[in-house]
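Across the two complexes that follow, chain A remains constant while its partner is chain B and subsequently chain C.
What follows is the complex of A and B.
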């Protein structure tokens, strides 16, 4: 599985994860407070410069914004009808910029670095009985399970095709869920056998 | 759950189930995994997975499975439908729908757990509709209104197009959960916790 991270050597890549997340929180707050078109235009330039500095490339940048394209269009039209052009531009731009900025943090931060940052944030939870070892086991088991379950899904679909069954969601999902559960329970037993319950 | 032995609050078998269901929800959103509607409508089966997690794992395990998935997405894995992931998801307008998965899965699980060792199809449908549609919209629409600055009614209108698909998914999730629980009785939350208690 490939993360969203784009390797690079820019200033943003070298900043620690906590600094980038803090910067994101501050920038988003500023973004919410900015109301005028001119201020937002300035902010857009700021975001564009950050993207150029990061050197992640246009494709990666567009991939962050792309999921918003239809929503942004519908929102713009609705705002335009309800509240006029200025409000429509400001609020649509605000959303696109917030997503672009947050995306940039992910694009320039390794998955492992971000996880380490989260782990540190959840550190205080140790006091209420959260076991950090179990949490990281849970997370890494999940990452490992994605290709396993994906392979199960392919197998169920191929078996269906081989029998010439016409497409049926029930006939696909039930075997998939049952075999996923069997896999999970076998995995649980294997973990217990290795002494993880103690 | 196990007040008498706080050290085993988190049995290893549950850990495996939680991570496998988190992975299942992710796989249901993978491109090419399932294109039921021919990819024309941006309807994903991930909420279907959320409802299944609730109906099969029970409330707190299902909520934990969703939490694990959300955490991995936030850290930068593209596990949401269409390969989305990263912090951009959390500043976007649909973040409420994503965070609504948590209480949604928990409510679905809670209702199914109340059904004891043989939850009927009616209960399953109600549980999936309440948790997988009701709660998710309850969180999603106000957040969307807040992010976009639209009035609540207009924000609700934006989501209207997704309601028929979501209702269909809830019914489908109930049917699939029922079939799974018939084939594999340990997929019933109450039966599973009985078995775990018995050791």
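What follows is the complex of A and C.
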């Protein structure tokens, strides 16, 4: 959920959300079934072409994979030691490609469209008391809160540095939790004010 | 039309507002007062976010105690911190989100969103992530998300407190053009020059009420 929509006019941008999620599921299945290096090389080319077609740019593409780099490295080294080079390349590549594809879906799908799609998926659960609107609202608030909370964290850290306080988990966590709760409170009130709590 | 009849608000052991009786019909109403004097509480009473402990608040002919949901549809509220109001990841999505329960078609929603964003200079940012906007742009976005619902009354609680001078001016100019009745809580006294009426609150009571010049004079004396 780190990828945020990059506006564009490509074929991928115009596909409906359900088609992209379906495509993602199918591709990941294919990815698991592919075992040979040559097949995976072909698949990598396929993913690369999709990225080019989408026109999201290199920075956005790299941002999808980057968080994975250390994990991929560790995985690769372990597999290499235990199972040899071929297996290590195949299994690491599989994970990187799956993440890249998932990233491509989030990069080319407006969040609101994704929400509508989720709401439809959760629709059948209405009978057992799940409100699809609330589920998708929760998802969007979560995505929206990531930058807000990380800005709060930066502010808390800077305030402490300014006072010359040395690093302490407690001195960091307590003001952060307090300001996060205050933010949640304000958010709830703003939702009521927008008439979205009924 | 906003009416307070002998309104008291008690929170915990504190009388936050006492004996407020008011009838607000002017198009531009300002509220000033020291921190903790009860300004936010007064503002929140108007759209039913807060309820009087005794007395009644009537907005557009409806008692807020009985018709809170309906009143919120007619009364928009702009808070100080835009980060707490923006709930969707991108600009256009956040504005569209306000219209979710209106039963409009996707095309109508897109149309209204586009209109309000271009009127307030955010059209070029429609697909930008909200967190990448400047503070002033965020406040404009929050305002767009309120205005797209075409409220008949707009309440603003310190809308410019977190903004720089330039963005405060943008909000002030915008305010001057809005057709609806607006009630603004603020410390930005310059904003109130062109207002029709200014209320001064002190410890939960209205201590001055009148034209900006005389009310602000009173407020300055109170603070010195």
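Going forward, the second predicted complex is superposed on the first by the 127 of 198 C-alpha atoms of A that agree within 3 Å, B and C clash if a C-alpha of one lies under 4 Å from a C-alpha of the other, contacts with A are read in each partner's own complex, and residues count from 1 in each chain.
Please note the rule applied: contacts are C-beta pairs under 8 Å (C-beta built on N, C-alpha and C of every residue); 3 or more make two chains touch, one makes a residue touch a chain.
Bear in mind the structure is a predicted one, so any value in this text is a computation, not a measurement.
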Contacts of A:191 with chain B and chain C, given as first, second, both or neither: both
First, second, both or neither for A:15, with chain B first and chain C second: neither
Contacts of A:143 with chain B and chain C, given as first, second, both or neither: both
Contacts of A:103 with chain B and chain C, given as first, second, both or neither: first
Partner chain in contact with A:75 - chain B first, chain C second, else both or neither: first
Broader residue contact with chain A after superposition on the shared chain, chain B or chain C: B
First, second, both or neither for A:7, with chain B first and chain C second: second
Which superposed partner A:89 touches (first chain B, second chain C, both, neither): neither
First (chain B), second (chain C), both or neither touched by A:39: neither
Footprint overlap on chain A, comparing chain B with chain C: 4-5, 110-111, 137, 141, 143-144, 148, 183, 187, 189, 191-192, 196
Chain B to chain A touching residues, read off their complex: 6, 8-24, 26-27, 30, 33-34, 36, 42, 48, 52, 56, 64, 68-69, 71-72, 74-79, 82-94, 147-151, 154, 158, 172, 175-177, 179-180, 183-184, 186-187
Chain A-touching residues of chain C, taken from the complex the two chains share: 47, 49, 69, 72-73, 76-77, 79, 81, 83-90, 93, 96-98, 100-101, 127, 129-131, 145-146, 149
Chain B-facing residues of chain A, complex: 1-5, 21, 24, 28, 63-64, 67-68, 70-71, 74-75, 78-79, 82, 87, 91, 95, 98-103, 105-107, 109-111, 114-115, 118, 129, 131, 134, 137-139, 141-146, 148-150, 153, 169-170, 172-174, 176-178, 180-185, 187-189, 191-192, 196-197
Chain A - residues contacting chain C, complex: 4-5, 7, 110-112, 133, 137, 140-141, 143-144, 147-148, 151, 183, 186-187, 189-196, 198
